[in-house]
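Supplied in structure tokens, the structure appears directly below.
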């Protein structure tokens, strides 16, 4: 079972990175300020880089096991919606700048804790990818934190928009810390991460930044029901449309090299 | 000093290939020409993000997606350098952008054509960036310092982009029949608009003469265009593709390629605003700007708040 | 050449109908009033019906000639953007209700004149499809005319929005009457329609409805440059995204029966 | 007449299976119950357009696209009949819609689940419409005339929809391995939510008793649910698929299928607003309504103008 677990676990990490990169890249050429257009594109690029490393590794694991020819591109471009294992948060629409920022802040703060732990993974490849990515993620956390503060403590409008983004996104944060089957198995097998243990640090960071942003703390949303399902392939209706664009060329021209 | 004396100093510097710097005296017309040209160049980078950006979500492999994204990002960076160069001449970025959105300022007409297939991304890299580079290489030696220095940075990245574009087409040219068709079709659609990028014939070009005297420009439109044709006519052979010009032919006597006449009616029509995507491009830029207004405002209000708080803190510490 | 001409000409008619149906169907479930949600969906359904008849016929023509197995679905779902022959007008975004209405009014008024002539086509199948469709199109013209009047002579806001729609769409009306190669060939071969001859009647109808809608007449826009290219496969950037959704399933599951 | 006398007439009619009509006297609670139930039913039709509408642009063949589009359109039509029935009870469509948007009025919770694959469109037709039909067939004989008559029209179309849904799944079940997986997966996800559509157990159902007395309802939740299970458990065999319930088993003694316990916590949670798509569905409806405001206003202003013009014309003709 370990091979399957490793494959699924790695795909999950890769899908998170790819789908968020795809979402963020929708801003490229349409950002509110040129400098920020560049910044959000940078984050996209970092995430695509992570996704590529992870897909390559997943393909390696798969090919060893099945003797078939998976590649980073076959994994990204030739699985349908039920096979994608990303969490619901990353597939949510960009909305306005506040929503994009808050999504990034939530995700990067989670990814920071995750990769910190994953550095100690018994799987050397995952540990190496985590270590390499951590520097990028540290920057993503800082950049998005600064924007959360700026919008929260900026104008009345920016504050309202951030609160609205919170209403949209908070319900997708619980899934980050709710392990899917393969995450539990990965933990047992020794290469995964104890997700529930990451939650406290995540909330602390969120509260710290929210305080500066003059937003109510996480406890004020304790009653919100948390949506789950994405990690097990039960997504929102958004993902199908993301994939229709993402995968069009590979689907339309099967077997072609680009 | 009298204006005549100042002008003499200015022209001497030009003569001696000494760069003009922001604090130097310069003729109003020189300044105006530069502002027009640099801001037009900046806008071309920014508007140029749109046709290529159109394929980011659909790039056919992860590697190509990353390369394309990085390329479009570079263009944003080029825009930044150039807006900064304009600012050294006393025109703010905001004013420059307002002029773009009102239609007063222009940008390169090539970006008013649509990107219909993935091969267009290759063709833009190869042909459009290829044409741009020739112009930009020349501008690395332009007489205004900040502009010349921005160009040096841009040129490095741009030639990288051209190679990437060629590489996309190379992959297609070695691919399936559909991919080869896609490649040839993109070349067919982008070839003539690329030639138009160098602007009207020297005989028709109104701004050129003065710009050459001031060493803003150092080669004529037709000279640059010829250089481009000579370069591409060779490279296209490597792709096993053709250029859509029955009159294209090596001329032993001139040691250049002869080529057919450009459809200048189309050129002027697109400049006037009637290209396939003029409205779409400006609408997209305006939309991004307008929808970003609250973000820019929030950032500046927050910065002011923060500054005030820090000043207060300092005051306390002093007191 | 006649077979190719007939094939291309029929595809062009089919593509027009399909792409406009696809656009209109985006309103289904999101219309401004329930009754109009139903009405615009009805028009979509009529257009899909026309598209199916036309694709079936195009497939028949193709198969006779090539001895291959084209079907209505292979023609709709397995051609890429450069092979689509619809005019630019039908692929334009829905925009607001005013833009959708005006697009429909321009197109249906054109289609009405076209199908009236096509009833006399020497090609019996095209003539029959035109005749059968004309009743539907007559209703589309009436419905969209009424809405143009209602919006133009309604509130200041609806009038403004309609004028705005005009700014968006007028430039795509010239292509309707600018024959593509296969249209000229079809005319020569005797089964096509003289497009330029339809223009006067179209403008008259537009002017008549615009007068009631308190909009300036067509002459006031005489200077507007007319965009062309769609009929020859040079589309706007819109069409690629339409096809990515439209064709996803057939591309992702090649050869499957649904 | 006294209220007691009126109530007696009312109850006699119910007793004798005479339909109650809009102008008849009826108890306030009867009216209220009906308004609540019919508008909830109307909203279910309208919100129900969204999950299926999600696949219109991606339907895998032109034929399926046309069938799906027509089906979703029928649901809009059903919504119209039902809003009209509510209006006969003195509640306007507008008020009813406002109540939906404020969250005061409910709609069937099943529509708070996402449609993830094309097979979901088949499963909705087969299971969701199948469950709805059982309820609706019963309501064809409900005591309030306009509601019963609306139901007769709706039932005809709905059974057509169910066959179409089954037909989609039938095609998948005979298809490729991927299609068969897709089919089974959709059944797995939609089965339990379909069972929940019949509402809580009779013992937990607060409104049921009075509704049964008034012959608004004529079968209990559990009776209808059992009927549904018996029907689907047979039909699923034709598809060569299974239902995701290890406890599903034919019971010789009862001549019914036994089945497992429903996850009522999930049911109540979704009713409360916490389903995967509750927010998305309401947001979509509100957006359509808000963005349509100027259209509705224009239509009514134009209608008033036109009426005024016609009256003026008539006055002139008379004068």
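For clarity, chains are labelled A, B, C and D in written order, and residue numbers in each chain start from 1.
Definition applied: a residue touches a chain if its C-beta (ideal position, glycine included) is under 8 Å from a C-beta of that chain, and two chains touch if they have at least 3 such contacts.
Computed from a prediction, not measured in an experiment: that's the story for all the values here.
Engineer: Find out how few touching-chain steps suffice to connect subunit B with subunit D.
Structural biologist: 2
Engineer: Quick check: more C-beta contact pairs at C-D or at B-C?
Structural biologist: Looking at C-D and B-C side by side, C-D shows more C-beta contacts.
Engineer: Report, in whole Å, the distance between the mean C-alpha point of subunit A and the mean C-alpha point of subunit B.
Structural biologist: Measuring from centre to centre gives 35 Å for this pair.
Engineer: Taking the mean of the CA coordinates per chain, how far is subunit A from subunit C in Å?
Structural biologist: 42
Engineer: Quick check on subunit B: which residues sit in contact with 2+ other chains?
Structural biologist: Within subunit B, the residues that touch at least two other chains are 58.
Engineer: What positions in subunit C touch 2 or more of the other chains?
Structural biologist: 80, 240, 244-245, 248
Engineer: Who touches whom among the chains?
Structural biologist: Result for touching pairs of chains: A-B, A-C, A-D, B-C, C-D.
Engineer: Considering only the defined contacts, which subunit A positions touch subunit B in the complex?
Structural biologist: Listed in rising order, the residues are 18, 22, 25-26, 28-38, 41-42, 44-45, 48-49, 51-52, 55, 72-73, 76-77, 96-97, 149-151, 153-155, 157-158, 161, 245-246, 248-250, 253, 255-258.
Engineer: State the interface residues of subunit B toward subunit A in the complex, per the touch definition above.
Structural biologist: 46, 49-50, 53, 56-66, 69-70, 72-73, 76-77, 79-80, 83, 118, 168, 171-172, 174-176, 178-179, 284, 287-288, 291-299, 301-302, 305
Engineer: Spell out the residues on subunit A that touch subunit D in their complex, using ranges where they run on.
Structural biologist: 80-82, 168, 171, 225, 227, 229, 234-237, 239-240, 244
Engineer: Using the touch definition up top, name the residues of subunit B that touch subunit C in the complex.
Structural biologist: Listed in rising order, the residues of subunit B that touch subunit C are 51, 54, 58, 114-117, 182, 185, 189, 269, 273-274, 276-277, 279-280.
Engineer: In their shared complex, at which residues does subunit A touch subunit C?
Structural biologist: Spelled out, the residues of subunit A in touch with subunit C are 80, 240-241, 243-245, 247-248, 251-252, 254.
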